[in-house]
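Just passing along the structure, written as structure tokens.
We call the chains A, B, C and D, going by the order they appear; numbering starts again at 1 in every chain.
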Amino acid sequence: MTAEPIRVFVTGGTFDKEYNELTGSLAFKDTHLQEMLRLGRSRVDVSVRTLMMIDSLDMSDADRALIVEHCRQADQSRIVITHGTDTMIETARAIATAQPATGAKTVVLTGAMIPYAFGSSDGLFNLGSALSFVQALAPGVYIAMNGRCFEWNRVRKNHETGVFEAI
Amino acid sequence: MTAEPIRVFVTGGTFDKEYNELTGSLAFKDTHLQEMLRLGRSRVDVSVRTLMMIDSLDMSDADRALIVEHCRQADQSRIVITHGTDTMIETARAIATAQPATGAKTVVLTGAMIPYAFGSSDGLFNLGSALSFVQALAPGVYIAMNGRCFEWNRVRKNHETGVFEAI
Amino acid sequence: MTAEPIRVFVTGGTFDKEYNELTGSLAFKDTHLQEMLRLGRSRVDVSVRTLMMIDSLDMSDADRALIVEHCRQADQSRIVITHGTDTMIETARAIATAQPATGAKTVVLTGAMIPYAFGSSDGLFNLGSALSFVQALAPGVYIAMNGRCFEWNRVRKNHETGVFEAI
Amino acid sequence: MTAEPIRVFVTGGTFDKEYNELTGSLAFKDTHLQEMLRLGRSRVDVSVRTLMMIDSLDMSDADRALIVEHCRQADQSRIVITHGTDTMIETARAIATAQPATGAKTVVLTGAMIPYAFGSSDGLFNLGSALSFVQALAPGVYIAMNGRCFEWNRVRKNHETGVFEAI
């Protein structure tokens, strides 16, 4: 493992959704990432930046290009990205495709099935997992979900069970 | 990372403490580990065994010998141990000392500062972290706390801050 | 106050909404009422029946007639109804209008702004409040929200703040 | 019910206990009452004052005299007191004994079996209940626990079950 600084990019997804009590619908406000790091008593050296705050089904090519560009420009060689689970693998592919240009970086995407703001979220578990894998793994682009970690091109989301599986 | 099965040994510690509402004091009942794995939607192949359910300040040499013996006998080469934070490093040393006899295994000890049963626990974050490090790291004995992972002989618990630090 | 048995009718509303992690949307499954009573260590003599499990914006005249009929037939003279907040007052009016036929009963409607299943719900507070008002108040039809209790025809929901106010 | 202002006196008890993660023991810091009122979206007109922050087993005659004196001096005729459950009835007796001097006030004592700061507390339910009973009941001194309300001299705490029962 490493004590190198880690860059965290927030893009939204279920992870950060909240319940709007006036409209009775789900919406984004601010990220819960700093609160989660406090709860986990994390002492990992991270710098967090919110790139966007959207549902991953609404993510456009331009949004993905922005994420890729931020990975490219990052001084850190280890990056965690919080992301909606529905198109997480697409974004991973975009980063991996651009990887030769971005240099050898370890990029781990993670997300949640249940919003952190709700009691029963998997988000804190997944964040602990992603932050650990990113410290331990060699350069590459990975998906960390369900306590496991997959290379970006060896995984699919099973939409019937909500589980990420090896392919 | 690996998809090898992982052995989890539960020994108690703050992780699993509960509030006894009749006596107004903290006590152990059952482990929350399976509930935490469910909450994290973990699909890691784990088999869990409770070895003891005690405060780590009450852990005797005989208790440590029992833990070492279970590490030795485990078929799995990757082991996570949940443990009280106060003497976690002592137990890690006992395992590391016996390691030549136990074969080359990756052993990760983790715990919590706040009981999982209380709302604001770091336990779920730490469990996600420990399960990830144990999949990714080479054989050795490690402490996973605060989102970081230390070789057993390069870490101390700072008793004023509650944080594990590199030495 | 009284130790008389209390009838509780569940009709759905935000109170009982859950997050469906496969679709990412809000939906109803079962009521959380028994779990909430356990959490509150309630020893009130209640018998609970689910009449429907719907969003109160979807409640039809036929649905309201069913609720009124159940109030009429109840052996208990004290009734709590959990209900969506958007049309809670309409249902209260339907019950009050039928009240001469139903006999002198104390009926208290309550609900929640945030689903109980999410961490930050007002539901448990409101349930404690409604169960208490129904034991203490004279026959009539009331709305219990925000720690307060209003006669059904002296209250409105402020849709900008989500707060129930006296009129 | 009433819209009169309500005085809330905080005295400590399980209600407000917290887990000290450095010592691994239970202790008092600040009251959680304002946070609980926010969570319950309470719009009751309350003014809160912390009189002491102690375990009710440690409450002395002088402490009780102080509570009685504050009840006497309160401008409000409706008062809620948060209190440890072990000696809640003793304090209620002290207030009731002094009641002729304090004037005709409605005083409701409540508490919790599990600290609010822990996930599974009955505190929010009890607070909703006590705030409601105090608005609805005639002058007197009451205990509100388990969703029920008892006159101070008609109740005992069953120490085997933790439940308050009529006598």
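Operating definition for what follows: a residue touches a chain if its C-beta (ideal position, glycine included) is under 8 Å from a C-beta of that chain, and two chains touch if they have at least 3 such contacts.
Everything quoted here is computed from the prediction, not taken from an experiment.
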Neighbouring chains shared between chain C and chain D, ordered by label: none
Furthest chain, CA centroid comparison against chain A: D
Computed distance of Cα centres, chain C from chain A, in Å: 40
Chain-centre distance (mean CA atoms) for chain A and chain D, in whole Å, is 45
So the centre of each chain is just the mean of its C-alpha atoms; given that, what is the distance between chain A and chain B in Å? 26
Considering chain D alone, which of its residues make contact with at least two other chains? 113, 119-120, 162
According to the definition already given, which pairs of chains are in contact? A-B, A-C, B-D, C-D
Can you name the residues of chain C that touch chain A in the complex? 14, 19, 21-22, 24-26, 55, 86, 113-115, 117-120, 159-160, 162
Which residues, counting only chain D, touch chain C once they are in their complex? 1, 3, 36-37, 39-44, 113, 120-122, 124-133, 135-137, 144-149, 162-164, 166
